[in-house]
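Each of the next two complexes has subunit A plus one other chain: subunit B in the first, subunit C in the second.
Now for the complex of A and B:
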């Protein structure tokens, strides 16, 4: 088996692999679906094919790339900042806040996609704001304060969600809520991509620029302060950035589980480090898992299945294989 | 006669409270550059709390000044340019190379988005060489032995290049040989006009490597020993405030150099 000892060569090798895989799954995704697309038809200017390509397939592929990338880099940051290999966006109550927001939109107003997205985004932000404000108001705060406050807010949001489910019309509204919670890239339009794209793009660069501070935050608080990092301020900025990325994505796609947890581990097992390249690799791993999951979600059954089923089905075995192959002890 | 030397560190009336419990009671002392100060005492006597107060990591009463500047009024970053800290055991538990760990020592000197220069990388490699870890630049920090880890953190401290070094039981996870190697490096650093203050459990190491020993009990500094001028009787008498039946003796090594060491408790 090919073994690369020089880290620079490893970076080049993995970068090429990531780009080739991304191109391959994107092309596969574009040509997957109920309406068959052909290269010839697209080049010949077939109106129906062009419409399906530009209105349905392309937005879906782009959202898969943005969603997978954003959820993974956010998960990567959460795991570092909370020094917890199991940390994910749920830790600050964001996912459950967004679910409650989406359910509110479906039950109280209408099930129109843009309105659900707005309410889900607002729900996620409200949950995050309450978590952070409460955590920072608590005297003697530390990293556990945010986690514990997040658990409390998560429970409250879950309770609200439960009430909304009880109030929902079981025929239609309840199914819509459940379907939203299971996550899907179905019905993504080019307009709905703009916000997640810009937030993920800007968030990615903020995290990249603050990467040194994030690494220092992954050490204990006293050591971080002795290295000149204001733990409270930087932790706040970094968590807000990562959480905004997650909120902007899940408000469009619904909840997509496991990617934010698993992709960072896959990237770490491949590079054996926690540097900037591993951070970017984590995004690529997430993008590929997400796009593959979406391909299977719409091709394995006559009706479309939730993406989250496949993110777990693809991600979990991949992680286990890498864990078995990795002969190095990895703490995080 | 007034003391004409401006002290490097001036700790004035520092007290630390955890709720109603007083961990450090009105501690005051001065420390000068070029010297090593050891704070010894039993577990829970307030050594670590005092260190944290100096670094402003815990709420406290009193004032700490370094070269005449009040540490409490400084920003975290400004304080980090003046004080470096070696904990009992570093909190690094993610895979990073030895070079990456040491490069973090430049953080207090860098602007928020500034990245490391090639000159910084060269300085880091030199620091790694100087603590005896040459060739391990790209080794995963987590795969190092405990002794090597502490030496790597010491190399990071060299990069920080601060006038004050605080060490909280830096030897606690080390074996006999590594303990002495670390202390020799610390002695070498202090000669470079640095003020070193270390909390330490072992009176032997304190007697061998420090210039002044502060004896701490129940949150107070109850006495101090000038290791170079105090005679054996005085040392035994003062040490007995902390350890009953301690027996410090003076003996010569193979080169005829005199050392003070603890024979028995």
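Now for the complex of A and C:
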């Protein structure tokens, strides 16, 4: 078996693997779906095929790539900043806030997709703002203050969600809420991908630029302060960037579980480090899991299945295999 | 003239049905004679069934396979399911209701046919049954949907007779109507209700039998991307109307979610939107993702009426949904006048109000 000892070679090897895998799953995804698309039909300019391809299929593939990438890099940042392997964007109550926002839209106003997205985005931001403001108002604050405040806000958002479910019409609104919470790329079209794309793109570079500060923060807060890093401000900027990425994605797709938690671990197990390449690898791992999950969600039956079922089914065994392999290496 | 002929034909069919039923009942010959002589409309015939009695003690098997025995006809009735509540109103039992399901004030049929029912104690929803409220209402019988089968067993332990109904297709609806009729000593009216439904459905099906069945996509309540497969009542609704459900390959027992691509692949000639949908016909017509669909290009998108009740759910009046869809799909065969008179006659005779046109 090929053994790569030099880290630079490992980076090159993994980069090639990531790119090849991404190309492979993207092509598979582009040619998977209920509408029978053919290369000949597309080249011949079949109007219906072109419409399906450019308006529905391609945006869905792109959303899978953006969604998987964004959720994973956000999860990676959370795990690093909080030095907690179980940390995910849920810690700040964002997912619960977005769910409550979506449920509010469905019950109180309208079940139209753009309105649900706006309310989910607003819900996520409100939850994050309250978490951060409350955390910074607490005397003697540290990174655990945010975690504890996040748990409290998460509970409040869950209570609001429960109340809205109770008020929902069981025949129509309740089903919409449940399905939104399960997450899907079902309703994605060209109109819905612009915001998540730009926010994830900009957020990715902001985090990349601040990567040194994130690493310092993850080692020791006192040391970071002595090195001239304003812990409070940087933590705020980093968390708000990661959370904005998550909000912009889940407001369009609904909740997608597990990717933000599992992809960073997969990347870390492959590189064995916490560097910038691991950060980018985390995004690639998430993208591939998400795209594969969406392929299965839309092709295993005529009706659409929730994508979260497959993110767990694909991600969990992959993580277990990598964990076993890395433990074996340590034993040797 | 055409309408008159059609209603007369249906009336004659009903008279034949009545004759068959009457032969098996304890009704006197003089009653049958009156029936034939006095009939002016098919629906009026129902009133002649009112005298068919039920003898107690009565043991029935409900639609969950549970056996329940009644010593006498129930005087106080509760229902935790809008379909059984609508059925009980159709059977003329509004005054005996002591509790109904939650959110009763959102259902037009109660406001129109049984305004007093709206303020009755709330028995909970199909997901969360309020056992204490039911015990407090002390009904002689409570009707529950299949989802609340467990609650039925709990009520049995508390000494309250519970009957589970599951009218998920046309024959189960018929069975449900008969069951409720027997239990509540309104068997005659229940038989009339079943016969009316049968007669008008058969007439509609016969009228469109030789027509080409257009492909239809039935869009669900929550989103245009949710639809009903072959295991749902809504599939029967379309088939009865002389349409072909494009989603019949789906075997989900609840609304299934599909993609825009799937709808474009099916490319239906008509899109029928569920009565309680949270979106409008214009929303669907203006949905750019469906622009190339035949139904959109031909503007063949309609929403089922919801001014009385949702006919896409298995309420007794759901056959009117089939007649409405048949009128949309085959306007030459099922005229607007026929559809409207069916609606008027049905609600006038069984629910006691005249719907606005």
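The definition used in the following text is that the second predicted complex is superposed on the first by the 326 of 332 C-alpha atoms of A that agree within 3 Å, B and C clash if a C-alpha of one lies under 4 Å from a C-alpha of the other, contacts with A are read in each partner's own complex, and residues count from 1 in each chain.
Quick note on the criterion: a contact is a pair of C-beta atoms (placed from the backbone, for glycine too) under 8 Å apart; a residue touches a chain by one contact, two chains touch by 3 or more.
Bear in mind the structure is a predicted one, so any value in this text is a computation, not a measurement.
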- A:212 contacts which: subunit B (first), subunit C (second), both, neither? first
- Task: Pick one for A:275: touches subunit B only (first), subunit C only (second), both, or neither.
- Result: first
- For A:186, select first, second, both or neither according to whether it touches subunit B, subunit C, the two together, or no partner. second
- Identify the partner contact of A:35: answer first if only subunit B is touched, second if only subunit C is, both if each is, neither if none is. second
- Message: Touch test for A:80: subunit B only (first), subunit C only (second), both, or neither?
- Response: first
- First (subunit B), second (subunit C), both or neither touched by A:302: second
- Task: Check subunit A for residues that touch subunit B in one structure and subunit C in the other, and list them.
- Result: none
- In the complex, the residues of subunit A that touch subunit C are 33-36, 47-48, 51-52, 55-57, 106, 110-113, 169-176, 179, 184, 186-187, 189, 191, 298, 302-304
- Going by the contact rule at the top, pick out the subunit A residues touching subunit B in the complex. 7, 80, 83, 209-210, 212-213, 215-216, 218-223, 225-230, 268, 272-275, 328-332
- subunit A touches which residues of subunit B in the complex? 52, 55, 57, 75-77, 79-81, 83-85, 87, 90-97, 100, 104-105, 107-108, 110, 112-113, 115, 138, 140, 142-143, 160
- Item | subunit C residues within the subunit A interface of the complex | 103, 106, 125-127, 220-223, 225-226, 229, 247, 249-250, 252, 254-262, 264-265, 276-279, 283, 288-289, 291-292, 313
